[in-house]
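What follows is a structure written as structure tokens; I'll ask about it next.
Should a chain be cited, it is by its letter among A, B and C, assigned in written order, with residues numbered from 1 in that chain.
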Amino acid sequence: MRKIAKTRIDDVLRALAPRYDLYVPVEGATTMRTPTATLWQEGLENASRFRLYEEGLPLYWRTNTGLSPKDLFFPQTEKMYTAISQGKTVEIKEESTNAWPIILFGVRSCDIASIDCMDRVFLQKGYEDTYYKNRRQRTLIFALGCSTHEDTCFCTSMGIDPKASPTADVQISDLGDAFGFTAQSPSGQQILASIDSLMSDAYTAQPVSPDPMLINVNLEGVTEKLETMFDHPLWDELSPRCIGCGTCTFLCPTCYCFDINHKSPTHAHIVKQRSWDSCMFVDYTCMAGGHNPRPSKTERVRNRFLDKLLYNRQRHGRVFCVGCGRCVSKCPVSLEIATVIQKIQAAEVTP
Amino acid sequence: MYVHKIPNSHGTYETQGVLTTPDTNTIHGGTTGYAPTSAGPVGPNPLLPQRGIITKIITETPDTKTFCITGIDGTKPFSPQPGQLGMLSLPAYGEAMFSVTSQDDTHLHMAIKAVGELTNALHEIEEGQECGIRGPYGNGFPLEFCRGKDLIFIAGGIGLAPVRSLIEYCINHRADFGKLTIVYGARSYADLVFKEDLFENWPKVANKDLYITIDRAEETWDGHVGFVPSYIEELALSPSVAVVCGPPIMIQFTLANLEKMGFCPADVITTMEMRMKCGIGKCGRCNIGSCFVCLDGPVFTQEQLNAMPAEY
Amino acid sequence: MNENIIQVPDKSGISKIMREIAGDLLRQQTISLVIGWEKGILPNKSAPAFITQSQDAEKLIFDEYCYHNLTKYLLQRKGSGLKTAIFVKGCDSRSLVGLIQDNQIAREDICIIGISCPGLMEERNIVIPAKKCEICYTSVPVEYDFLIDCPETKTANDEPGGSYAHRELPRVENMTLDQRNIYWQKMFENCIRCYACRNTCPVCSCKECCFDQANPTWLGKGNSTSDNGFYHLVRAMHVAGRCVGCGECERVCPMNLPVMLLNNKLSLSIEELFDEPPASLSLDVTATLNHFKPDDPEEFM
């Protein structure tokens, strides 16, 4: 392991930024910093998230970002193609793709597990998704081990090690006053070699360990139990609380549902785009004729949790919750997955 | 094509995080497989439509038209199996999934009922209009399973559209199939789709029974009057393979009657309809349990549906 | 002394009285559902609770994390003809009055159990009062059937808009036009349009929101600064004059955006223009924009 003092982390970022699109975790309130305005810099609060690195951005290292990095591979709204109609003709123009390499710097273990979930959806099962793949295949990932956690974190319950992500290209460890760097792939090795002069040997340094998490849930047997719970009264009990917003799905790093729509600068000229959609929204499954297979909150809430804990395990081979705790922290009414897992475990089922 | 197995309710699961059956498209080596240095070309974009031309529009009923679509170069955009789907778009209005009703050497035919923004717009266009088309999607009818057997087609209203692709296939490969029985009904004579087939082409097919019914009596109609589900009971069809499609209420009663009549759930085939956006099993909304209708369907047997959550 | 006002020695006694009242009501079968709060997964988390069995009344709690304005849940019971009991803090009671005035719920269908609010705390820092308390204009419920009164009842702000508006609004108002433009653009740019602010808002009571309409589509699913701005401005105008300042919209925003600032500004402007009290402080006084007087000012016309 090689290390650099935390106070000098900007040196590493400055060295990488010219060669890569470098995305780093950035504190919230600062996103409105512009050269022309200083008075009201702190006037607008905002959630922390990954942003393209620029000198002077206030970086956020303490815990995970408020918004997951999924929008870097799967932006909330993404142009797909342009279509121009003229008389009876229709011309379709594809968006040009970018080949510039990307580094995602400082991703936590839970979010790295979520990228694995996203890969399973977008790159497997019959079709590869062109838009996702284009970004994903030119991205290198620098994982950052956690030395502390939010009250809402529960990745350990999901079988994830907050300090280590073996599939990342580089693992960064929190050594207290320094960051330690370990290459885990040939590309990671190459990059670290190129910035090696900035670092010194870490010898026997040990990464700081986070305290035990406050939320512990038992995932064992949940999937199997849910197979018998489609008609269980639990869903009627849980669903009245839901307010039907998209907070859980938009913050969830493994939620991948999207809508395909268009915006029209003119009627003849449309930009086809896709954007995040939420299974919690009423119109999500509503068909043109008006029929809706999931007409009430009960069906929608049930579908969301069965999807996370049962359907995706059946379809993609793993539970689609990584214990990042974003829904625990942000669901306006605390109808979040940790509570729901506990309720499923406690539910009585008749064989 | 990827075929998703209907989950076995007593099945066991793979260890968390490990896929035991690697897909051909799996990126090996996890995250590291995606180093920028090894970036390869991104393949053809399955979400990008090709340009098509609607060369002919046939009015079937007051609210249904058949659109004949060819590629911009005059070749068929793609060659679907019976029961497969295509995504048709008019860019200014949107995109929607339709079953390919039939096809010839150069054209795909889609019978479309006017129900929403896009379909209403489609009903307004003229021949020669260009469009976007992508596909084919979905599993289609199980041809191998049907081969050599007697087939009963039961359809209501616009539900004949997907079924017709299979009927047409059977007629074109007549020797491969046993007796063909077609039971079709609509609200009125005017609402019967594909009248040329119903009254001119199909009556000439060998070894077939053709039963047509309308819901309410009309002066000029001397055929059968009544609903499809009760008609099949009256006909006392002997159990074989049944292919059912129609409005939800008709399907519900038909399936119940078929069961009463001794049809085996594995021999009853139906096609599902859900809201779809991508067609390639990514966008999430057409799931019934862990199945995606756009990818694993739209064709399911009654036996498969019985094993899935009743949420459609 | 009003027998429907129950004094508790201190705020820790509120939960016990809540359970007693809820248990009694359910046992008497005069009502079929009690909406209150229960403890969440963490000590600093509370959650809405739906109690239908008297023995489950034991789950009810009140602590400094019971932020949720529960009154909107009453819309789920609309038209069912069933009676519901609901717990409200001072701020929540105003939205209940608003819903009754808007004919969304019938007064006789609900049993209101008010709590004189001792104040809430920020979830992340137990010494900081919750932001929604900064705009509080009434800590004692304005309408109730039962009132649980505690000596620690918080002193409400003596001006509409409270310390929040008097701190935040001047800051934006003092910006140059350019700065202000950037400020709002940045806010709209950061919105993820999860609709939490709309869905939690007790005065957003339309059965189908215009933003959800498919035909015609007023607002697509795409996220862009202009679309997001359109959403926030239209929503602000739709609730103008009816906003009760419960602060739920800003509390639920997952992006921590200053969502209630626009509503706050509009409320204060309306009060100033028409010289009328804030909306929904009493069942007897209709909200400013819901009635007409011949001498209403017309400066905006």
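Brief remarks follow.
Here is the rule we use: a residue touches a chain if its C-beta (ideal position, glycine included) is under 8 Å from a C-beta of that chain, and two chains touch if they have at least 3 such contacts.
This one's a predicted model, so the numbers in the text were calculated from it and none came from an experiment.
When chain centres are set by their Cα atoms, the one at the greatest distance from chain A is B. Chain closest to the overall centre, judged by the mean of its C-alpha atoms against the mean of all protein C-alpha atoms: A. If you average the CA atoms of chain A and of chain B, the two centres end up 36 Å from each other.
Centre to centre, using the average C-alpha position, chain B and chain C are separated by 49 Å.
Centre to centre, using the average C-alpha position, chain A and chain C are separated by 31 Å.
Among the residues of chain C, those in touch with two or more other chains are 214. Chain B has residues 116-117 in contact with two or more other chains.
The set of chain A residues that touch two or more partner chains comprises 259, 261-262, 277, 286. Only residues 28, 31-32, 34, 36-37, 39-40, 43-47, 66-67, 76-77, 151-152, 214-215, 237, 240-241, 243-247, 249-251, 259, 261-263, 273, 275-278, 281-283, 286, 328, 330, 332-336, 338-339, 342 of chain A touch chain C when the two sit together in their complex. Against chain B, the residues of chain A that register as touching in their complex are 20, 80-81, 83-85, 88-92, 94, 97, 99, 101-102, 112-113, 115-116, 119-131, 133-134, 136-141, 159, 166-169, 184-188, 190, 223-224, 227, 230, 256-262, 264, 267-268, 270, 272, 274, 277, 279, 284-289, 291, 293-294, 299, 303, 306-307, 310-319. Listing the residues of chain C that touch chain A in their complex gives 40-42, 44-48, 50, 68, 72-73, 76, 171-172, 175, 178-179, 182-183, 186-187, 190, 192-196, 198-200, 212, 214, 220-224, 248, 251-252, 254-258.
Chain B makes touch with chain A in their complex at residues 1-2, 4, 7, 9, 13-14, 16-20, 23, 25-27, 29-32, 34-40, 42-51, 90-92, 94-96, 115-119, 126, 128-132, 248, 273-275, 277-278, 280-285, 287-290, 295, 309, 311-312.
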